[in-house]
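Pasting the structures in now, so scroll down.
What follows is chain A paired twice: with chain B in the first complex and chain C in the second.
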Partner chain A sequence: MSDIKERIRKICPSAVFEDGEILFVEVSEPEWYGFAKALRDDLKFDLLSAVVGMDWKDSLGVVYYLTSTSRNWEMIVVKVAVADRENPMIHSVSDLWHVANFQEREVFDFYGIKFINHPDMRRFFLRNDWVGYPLRKDYDANPEINPIRLTDEINEDDSVSYVEDKDGKVKAVKKNVFEKEDYVVNIGPQHPSTHGVMRFRAAVDGETVKKVDVVSGYIHRGIEKLSEGMTYPQILHFTDRMDYMSAHQNRHCLCMCIEKALGLEVPRRAQVIRVMMDELMRISSHLLSFGCTAMDLGATTAFFYGFREREMVLDIFEKTCGARMSMNYNVIGGVIADLHPDFQKDVKALIEIMPSRLKEYHKVFTGNVIAQNRMRNVGMLSKEDAVNYAITGPSGRGSNWSCDCRKKHPYSIYAELDFNEVLEDGCDSFARYMVRMREIEESCKILAQLVDQIPDGPIRAQVPKLIKLPEGRWYQQVEASRGVFGVYIESDGQKNPYRVHFQSPCFNLVGVMDLTCQGYMIADLITIGAALDFVIPDIDR
Partner chain B sequence: MDVKIKSMKREDFKDNEYIDKLVEELNATGANVVVGKLDQLINWGRANSLWPLCFGTSCCAIEFMCLGAARYDMARFGFEVARNSPRQADYIMVQGTIVHRMAPVLRRLYEQLAEPKYVIAAGGCAVSGGPFKNSYCVLPGVDKILPVDVYIPGCPPRPEAMFYGLMQLQRKIKVQRFFGGANRKEKIQEFFAQHPEEKDKY
Partner chain C sequence: MFDFGIWTSWFNNLLTGCMPGWAATLIECVVIGVLVLATYALLALFYILYERKLCAWFQCRLGPMRVGKWGLLQVFADMFKILIKELISLKGTDKFLFKLAPYLVITSSVVMLACLPWGRGLQIINYNIGIFFVLAVSSVGVLGILLAGWSSNNKYTLIGAMRSGAQMVSYELSLGLAIITIVLFAGTMNINELVYAQNDGWFIFKGHIPAIIAFLIYVIAATAETNRGPFDLPEAEHELTAGYHTEYSGIHFGFFYLAEYLNLFIVSGIASLMFLGGWMPLHIPGWDGFNEVMNWIPSIVWFLGKAFFISYVIIWFKWTFPRVRIDQMLAFEWKYLMPFSLANLVLMAVFVALGWHF
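Coming up: the complex of A and B.
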């Protein structure tokens, strides 16, 4: 770490350091772009893990979390702030890390920070006639300013880009989303095969996709802003409702982040239970994904098969947590209730049955010639692109990129467990699909190791009645069902957080739709989306 | 007149008074024998082949998918023909949070449904905004923009709860007059007059 510090000093002498769990650097805005380039090229921080917009009242800014995949997944935090509230501008890094493209649009939407040289500075989540920037601390939430409008939004075909010329002057340049003669097909927002309310506008040439414009925000619920007004135990339940197919993992992540800040030790029993629940959740998620992918391709039987086993997992959840979905099981310091007496028996029954059921799935769907033709060599995504777009989870591993957070930043008890990171080198939809199927086996393996090893003891640590985090910032990552899920908390010592940011894997997944769909048939857009397997409320939050 | 749902007893339902009131209203205007019988026949058919327009925006929609799978099997009730086009559906099942950006889309889809049409609000979010009620961009219940017939609370409602709600809708349909005095349409227009397109505030 000190070595890095030295090298950073050389690159950017004015950088300010702050000690913390991760090396923290603050750079001034004019130096930021050059510094970012050096970070990527010289210091090999090739993965942009999180982009968090911030309002510190006296300044607006962005906090970037960068990871170096080649150097043992070491992380660094960079803060860039500008004092101007009227017309805040920061240089875009979307040309260095493509994942920043949508991330910066999100920051613009929430904070009104304009990114210089960003190719397409439109709002991302909110209606384009929205007034104000909701995550600013001085945002006026008066419903009269932004009433529920029942008039249709005008499609935005123009965009704007703030381009800097040679003398450093910034000029707004009008951009077109599509070219004039493009034929644009609208898909969604209410479309059965987009797995939720996502809207794509695809420019097609005949049947071939030329460009996909993602229009998001049809389920943007404003979770991050809501969290700022709530106490820590109160914000927990939001995580179950973002990616509801990773409810346990997401909540585990938020709990770990708060526990880290509090310096809380979680009892062993709770840790084991948490990990088992995480893996059960992963199985249920992959089963749902299998069923939906199959159904998108017209294989209704496979859908029934997938849901049949998923019900087994849901039964396990229901017995212990009291609900089939939105379990609200993890709490700060442990879990909320002890295991149901049937838990071990049920889990054993599930692990026993899964191998034969997986065989059945492969028989009914995987080997099918239609499934093969529709998925093989479709939606290619190279490993380099996967890193650059921060496509983690099964989709990243389908491009042969080893990115499993359980291995790279082992948390809870994952370091002790024996399981393999599943990798496929097909780089296509089929590879992503296969990673999921094989991950079910690995999850079963983890469950088998733990099911008879659940230690006795308390299920929850002692936590103070009123939870207040000390001042500071924390970032925690877990491997959710769809990739690396991150939670950023900044606290000013109050009982509610100053800022919470959820870095969702699906947000990045949808960012790659344009790239993966280009050159394929319009019908493939559906399969590619299904194989990437994004959950929309996780994108929109 | 008794409103029957196969295998369900009257006591199994709550809100019986509501149905009783509807029956009373129906009888008050004096049902014609022939038309009344025809009504019953048609309503029997309508109630047992309710085709939903699935408007699932988030978590609740996954539970609705479970309804379609083998364990809960909504085909038993005639709900299984989930449509994706409003033109072919009888009712719109709103499952999930509705946000500002979505509101006009939902309203448009409702308007595209063919008469007679119904709305079910499934889940806390659709009923009242649920956990996100205080958010800057969440609609505090779909009844702000649509006339809702049945509310199904829960977060998400269990599949059984969804069935219960759907059966309540069946009961409601069974006591409606299909011929002649159908006054649903006026009610919808009334609702729309009270909730015009360009609403400034709630």
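Coming up: the complex of A and C.
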């Protein structure tokens, strides 16, 4: 860490350091872009893990979490702040890390920070006629200012870019999302294959897709804003409602982040239960993904086969957690209830049956020549692009990028477990699909190791009645079903957080739709979407 | 074997005995028209239930179970619901063509139904160019689909209609060539004569290699012709929500829906006519006892049984296979299926010329 510190001092002498769990650097806005470039090129921080918009009342700004994939996944935090609240402007890094494209649009949407040289500075979630920036601390939530509008959004195609010229002057340049003569097909928000209320606008030439514009926010619930007004135990239930197919992992992440801040030791029994639940969730999620991919390609029967086994997992959840979805199982310090007496028996039954069922899936769907033709060489995403767009999880591993958080930043008891990180080098939709199928086997392997090794003991640690986090910021990552899920908490010592940010994997996944769909056909757009396997509530937090 | 011709000629004699010839013909036409439409509706209902039960079976489900015993009355309830639904008219549509399209589709399918050999003496239209007529009428259905897609003023329907046009025109070639292969073998296009020619063995056995190839080509092309999976691109519910009939409601949608199911029956019926003997029982030359036993099964049961069996295979395809992509589908037809059917036609000509058949 000190070595990095020295090198940063050389690059940017005015940088301010702060020691914490991760090296923290604050740079001034004018130096930011050059510093970012040096971080990426010289210090090899090639992965932009999180972009968190912030309102510190006296200033607005952004906190960037960067990771170096070549240097043992070392992380660094960079804070950039501007004091101007009327017209805050920060240089965009979307040309360095393409993942920042959508991330910065989200920050603009909620904090009103304009990013200089960003190619497409539109709001991401809210309507373009929304007044104010809702995550600012001085936001006026009066419903008269933003009534429920019953008319269509006008000027949907208008975009703007704040371009800086040679003298450092910034001027707004109008842009159009689509060309005048483009034939734009609207896919969603009500569409069978967008897996939720997602909307794509695809410019097509015949059947060939030229450009995809992602329009999001149809089910945005403002979870991050809501969290700021709640106590820590009250926030927990939100995580189950983001990526509902990674409910356990997401909640595990938030609990770990709070536990880390409190310095809480979680009992061994709770750790084992949490990891088992995480892996069951992963199996259930990948089974659903298998079913939906098959369904989107038109093979309806395979869909039901996937659901048949998923039902077994859901039954296990139902018995122990009392619910099949939104399980609300992890709590700060452990888990909420002890295991059902049938738990071990049911898990063993599942592990026993899965290998033969996987064979059946491969027989009915994977091996089918039509399925292979539909998925192979469709939606190519190179490893470099996967890193640049921060496509983690099975989709990233389908591009042969080793990015499993369970291996890179082992948390809970994962370091003790014997499992392999599944990699495929096809870089296409088929590779992503195959990673998921093989990950089911790995999850079964983890479950088999733990099912007879659940130690006795308490299921949660003693926690104070009123949970107050000390002042500071924490960031925790887990490997959710669809990629690396991160939780950022900034606390000012109160019983409710000053700022909570959820870095969801699906947000990044949808960011590559344009890149991966260009030049393919409308039918491929559906295949690519299915193979990336995004869950909409995870994008629309 | 019972000849249904006895009933029909009795009815004809009864009418001509008590009224002038034109009046008798008029009444017969009306009676047959009503019968055809009734058969059409009932068969469509049966097919909807048939497919729902079959796919439920493939998918480890039960299918409809609530209305009537084993859900037998479900389809009647559905059809009643569709009949009472509002016909929604939309802004910006071509009103006349929008309303015309479903009728074109259903008319072509009803006319084809009338050409099928239902049983011995049970045939409505008996042309000397019978099978050719069926092929010609089947092409009218495409027009209805194209018009539906165009007149709806919707991008999904237009893409669906374009796909449909490309697909049906392409696969009609293979379908026609497969049928011509059998016409070449039989030496007739008359449907009745085609059936009688299979008295001493079905064409698929008599014509062996080229006939079996033609049968396989026919089944693939027929699946594509009826817009069923894996060739259901014009509808492609996961891409185009419902393809060319996205904007239709009520019975107008019902017409497309019924026509789709009936076309499945019709292509199966034609397959049974061209390859499996139509209503002709399974006869093996020399096995007289066996042939007698087969003759006891009524001809209409033979015909329906064969048609349902082929439909079963096509339904099986649909629920198992993923959907192909438009370019793959066209490449498959133009690069493989059509050259193959042409070669098969030549092969059949050689077999017929040299007498290498039974």
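Throughout what follows, the second predicted complex is superposed on the first by the 540 of 541 C-alpha atoms of A that agree within 3 Å, B and C clash if a C-alpha of one lies under 4 Å from a C-alpha of the other, contacts with A are read in each partner's own complex, and residues count from 1 in each chain.
Criterion: a residue touches a chain if its C-beta (ideal position, glycine included) is under 8 Å from a C-beta of that chain, and two chains touch if they have at least 3 such contacts.
In this text the structure is predicted, and so the values were computed from the model without any measurement.
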item	value
Touched partner set for A:183, first chain B, second chain C, both or neither	second
First (chain B), second (chain C), both or neither touched by A:151	first
Partner chain in contact with A:127 - chain B first, chain C second, else both or neither	first
Dominant toucher of chain A (residue count), chain B or chain C	B
Chain B versus chain C as contact partner of A:298, first or second or both or neither	second
Partner chain(s) touched by A:374 [first = chain B, second = chain C, both, neither]	second
Contacts of A:218 with chain B and chain C, given as first, second, both or neither	first
Chain B versus chain C as contact partner of A:526, first or second or both or neither	second
Partner chain(s) touched by A:244 [first = chain B, second = chain C, both, neither]	first
First (chain B), second (chain C), both or neither touched by A:308	both
Chain B/chain C common contact set on chain A	191-192, 303-304, 308
Complex contact set, residues of chain A against chain B	125-127, 134, 139, 141, 143-144, 146-153, 189-192, 196-197, 217-223, 225-226, 229, 237-238, 241, 244-245, 288, 291, 303-304, 307-308, 311, 314, 324-326, 536-537
Footprint of chain A on chain B - complex, ascending	54-59, 61-63, 65-66, 69-71, 84, 96-97, 99-105, 107-109, 131-132, 134-139, 144-145, 155-156, 158, 196-202
Sites on chain A touched by chain C in the complex	183, 185-186, 191-193, 207, 294-301, 303-305, 308, 364-365, 368, 370-371, 373-374, 521-526
Chain A-facing residues of chain C, complex	55, 58-61, 155-156, 159, 229-230, 232-233, 236-241, 319-328
